[in-house]
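Here come two complexes built around chain A, the first alongside chain B, the second alongside chain C.
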Partner chain A sequence: MTRRLLWIAVALVIWAMLPFVVPRNIADLLVFTGIYTVAGLGIGLLLGHCGIVNLAQATFYGLGAYASAYCTVMMGLPSAVGFVVGAAISMTLAYVIGRPILRLTGYFLALGTLALSAIASALFFEWDWLTGGTLGIGGIPKIDIFGFVLDRPSRYYFFVWIVAFACMAAARNLVDSRTGLMLRAMRDSNTAAASLSIDLQGLRTRVFVVCALFGSLAGSLFAHHVSFVSTQSFTVDRSISFLLIPVIGGATSIPGIVAGAVFVTFLPEFLSNLGDIHQILFGLALVAVVVMLPDGLMGALNRIRARYAARGNRNAD
Partner chain B sequence: MTLSLVLQAVFAGVTNGMVYALVGMGLAAIFKGSRVINAMQGEFSVIGAMTTVLLLTKAGWPYPAAILGGSLAGALVGAFIEVAFVRYMAAKNASEDSFLLLTIGLALTLSASILFFVGRDGHLLPPLGGEGVLIVLDAVMQFHALWLIAIGIAVTLLLRAFFHRTTVGLSMMAASIDADGAATTGINVRRMRTFTFILGGLLGAVGGILVTPLIGVDYQLGLNLTLKGFAAAVLGGLTNPLGAAVGGITLGLVESLAIIGISSSYKDVVAFSVLIVIMILMPHGMLGRAGRRGG
Partner chain C sequence: MPTEPILSLSEIGHRFGGLNVLRSVSFDVPEGGIVGLIGPNGSGKTTLFNIVSGYIRPLMGTVTYRGVPLVRETIQKRGLAGLVRTFQMPQVFEQMTVIENVMAGCAKLTRTTMLQDLLRTPAARDQMRVIRERAEAACERFHLCGLRDRPAASLTAGQRRILELARAVVGQPRLLLLDEPSSGLNTQEIENLREWIVRLNAEGITILLVSHDMGLMTVARTVHTLYFGEIIASGDMASIQRDPRVREVYLGV
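== the complex of A and B ==
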């Protein structure tokens, strides 16, 4: 136990030093990693605990970002209002749409959420009185906390990651709670869970709403980081790259989500040094992960650890 | 809303719908044969169309030979995907989701490859049957669109005959319905799965080549065609390649009627909303359970 605490302490120290020792562009990527972790956590909950492929996260990401942009730039309200408004709209929408759409299963549900993302991205484009269309909304102010302005990646880093840690704790609590037990029952056997009078439909909807909340928070964080939002950021492609986060890292593991977020933010950036070929390499890297590591990076790590431990035991005998 | 406007919308809807139908039929054929949702179906269309463009303009092949070459390119890529990736993953009992992600990854790779090797410009192909147009009650239809619809119908009928009359087609059906049973009667189930990918690649490529003279082809076309083809296949019941033809035309008509009824910018919104509603209300597609017998 003490060893575990030691590890956590070391990790925290590294985490706190990181933005000061790396160059600015890396600090910027670390901020994005935090934002993507928040968005990916929701998808991981749906994928890992309900078996739902959610290809609509860019919708809620967009809602959060536009809510923050509209509230702060157009209405001059404090940035906290944007976060709350975005979350409220996203959760309401997720509830209203989730009820009917989550009756679908498997591929049909995946397509349903993909269709949702395509509809939202068309509406973001068309409702330019609200979203600014392709011209977007610029000049979104940086967040300031009692006069301390988070105007540098190294400062914003801490804000984003504290939100991310809070979301991780919330996700962990949800999984360990009564709801989590119901989720586990549902994943193992739908019929058995239903016979224990677990409301499967309501349960799925609840997780979908949580996923939308995380998506919206990530969107608001994104808007305040880049201070400019336009329709290009919330397309179907973005929904796909969000889905990759839990898939690459491992959907049921929280460190896995962070690993997935690191993968989708850092890899394209590093590959882009190689010139225009980087998009091909990213696609191939994704294919390689799917083919060779079917349960994600964390799954592969656990397998290696298990093999190592088994060997250690044998030597001890 | 005048009659000629409605007629114009119907023309456009059937034309686009036939393209969605071809892409959707390929998707449904692959799903039926291998239980893989192929998220790179639209890339088959892009590969077919791009190859045709390059053979015609760079290599100087005659148009019919270039079309044949483009269609074969789609079929070859289909075969390659099956042999190189799907076979390996199926042997490891990969989950449904990982096949979906595999094809998403391949779609990203192919689209990026076309951007890298061909460039971001769009390319057109010359229309079949010349530049002429047919005018009915002031509604205009290009000769090429007529060719597209005729070829689409011919392909649909041929596909039906293929699945019902030929030994290979019947074997493919048998392998997809009951793999073990088919294997005991001497059908090579693995080879049948390769054939379904070849068929899917071919159908996608034909759809892509036929739509290029109307809207052009570029590296981004694939995702949109995949979405619409997927929608067409689901409307038709997903396991029935011929249902995808009905689904595609319905989708095309809904889209073009939405354009004249509401606004051109809402066509995707309407088309995808209809898709969601139909999936929820009619889980077996528009043809119902009976539709599943079709192919």
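== the complex of A and C ==
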């Protein structure tokens, strides 16, 4: 137990020092990792605990970002209002859309969410009176907390990661709760879960709403970080890269989501140093992970750990 | 003293395509009784079971449970009202441990909102503690403690049956529907199952049992024989075994 606490303390110290010791561009990527972790957590809940592939997260990410941009730039409201408005709109939309489309299962449901993302992406482009279209909305103010302005990546880093940790704690709570129990039951057998009075449809809709909440929070965080939002950030491509986070990291594991977020933010950046070939290399890396580590980075790590433990036991015998 | 039936089937009829699988089936299950349903393969037993538990909506007839018509109720509502079933192929939650499987069975006895669960409020923690305690007690009772933390996927057929039964019973059913509970079990396991049925019934749970197994069927006080969608004989097991039509269907004599 004390050893565990020691590890946590070391991790915390590293976490607190990181933005001050790394170059600015890396600090920037660390902020993005935090933002992607928040968005990825929602998808991880759906994928790992309900078996639902959600390809619509860029929609809620966009709604959060536009809500923050519109409320602060166009209406001059405090940034907190943008977060709340974005979350409210995203959750309402997720509920209204979720009820009909969550009746679908498997590939059809994945395609349904993909369609949602495509429609939303088109609307973000068309409704330029609201979103600014391709020109976007610029000049989004930095968040200030009682006069302390989070205007540098090293400052915003702490804000983003505190939000991310809170979201991780909430996701963990949900998984360990009665809801989590029912979700896993439903994932393993719909038929049996129904016989135990588990409301499949309602449960899926509620998790979809939670996923949208995380997506929207991530979007608002993103808007305040980059100060400028436009349609390019909320396309179907973005939905796919969000889905990659739990797929790569391991959908049922919260550290796995962080690992997946690191993968999708850092790897393309490092590979881009290699010139035009970087997208192909990223694709190859992706295929390699999915083929060789079907249960994600965390699953692979657990297997290695189990193997070492088994070897340790054998030596002890 | 005749008791009010807990379940009453009246003129149930159902068709798959052009095939009449059930034709005007009517019978009552008295409160506190054990009622059996036998019949050769394809006689409509499982369809009837699916109709009672809500997986299929019948084309004709009514199902009344404790005086309330059921036909339009969802599976979940029926479960909350105390009508719980098991499956011909045991449906355990494979990736969950044994204790988690049982815990899932009592999730319906408590209430929490999503927000409470996300924030892990004291109420949510209390509910989870209640669920865990009940599940622990049920594991103890059904002798599943040794398997407690094993994934359900690793259990034998017999253990799966018992787990499924424990998971159903922990939800405090009034009427337990058992679909072929002895299939895939050895003689010792069937004997064990039989004892469980008698014990649960003695505790006040009404049981409707579907089985091929004539030996197990002797626990039932009333047995209905289904043949091509119709009830051809009813009575206690001894009289059923003497019935010429049943003998013809089963033995061809």
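Simple rule for what comes next: the second predicted complex is superposed on the first by the 317 of 317 C-alpha atoms of A that agree within 3 Å, B and C clash if a C-alpha of one lies under 4 Å from a C-alpha of the other, contacts with A are read in each partner's own complex, and residues count from 1 in each chain.
What we mean here is this: contacts are C-beta pairs under 8 Å (C-beta built on N, C-alpha and C of every residue); 3 or more make two chains touch, one makes a residue touch a chain.
Fair warning: this is a prediction, and the values are worked out from it, not measured in the lab.
Trainee: After the superposition on A, what does A:N273 contact: first (chain B), second (chain C), both or neither?
Mentor: A:N273: touches no partner chain.
Trainee: Let me test your reading of the model: by the given contact rule, A:F282 touches which partner, first (chain B), second (chain C), both or neither?
Mentor: first
Trainee: Report for A:T191: first if it touches chain B alone, second if chain C alone, otherwise both or neither.
Mentor: Second partner only, chain C.
Trainee: Hey, is it chain B or chain C that touches more of chain A?
Mentor: B
Trainee: Where does A:P294 make contact in the superposed view: on chain B (first), on chain C (second), on both, or on neither?
Mentor: In the superposition, A:P294 contacts chain B only.
Trainee: Going by the contact rule set out at the top, does A:T2 touch chain B (first), chain C (second), both, or neither?
Mentor: Touch status of A:T2: no partner.
Trainee: Scan A:I240 for contacts with chain B and chain C and give back first, second, both or neither.
Mentor: first
Trainee: When the two structures are overlaid on chain A, which partner does A:Y107 contact: first (chain B), second (chain C), both, or neither?
Mentor: A:Y107 sits against chain B, while chain C stays out of touch.
Trainee: Under the stated touch criterion, which partner chain does A:N173 make contact with: chain B (first), chain C (second), both, or neither?
Mentor: second
Trainee: What is the shared patch of chain A, the residues that chain B and chain C both contact?
Mentor: Shared contact residues on chain A: none.
Trainee: Touching residues of chain C toward chain A in the complex: what are they?
Mentor: 53, 55, 75-77, 79-80, 84-85, 87, 91-96, 100-101, 103-105, 107-108, 110, 112, 114, 116-120, 124, 127-128, 131, 167-168, 171
Trainee: Going by the contact rule at the top, pick out the chain B residues touching chain A in the complex.
Mentor: Touch list, chain B to chain A: 37, 85, 88-89, 92, 94-98, 100-102, 104-113, 115-116, 223, 227, 230-231, 234, 238, 265-266, 268-269, 272-273, 275-276, 279-280, 283.
Trainee: Hey, which residues of chain A end up touching chain B in the complex?
Mentor: Touch list, chain A to chain B: 47, 53, 100-101, 103-104, 106-108, 110-112, 114-116, 118-119, 122-123, 125-126, 236-237, 240, 243-244, 247, 276-277, 279-280, 282-284, 286-287, 290-291, 294.
Trainee: So in the complex, the part of chain A that touches chain C is made up of which residues?
Mentor: Its residues touching chain C are 170, 173-174, 176-182, 184-185, 187-189, 191-199, 206, 209-210.
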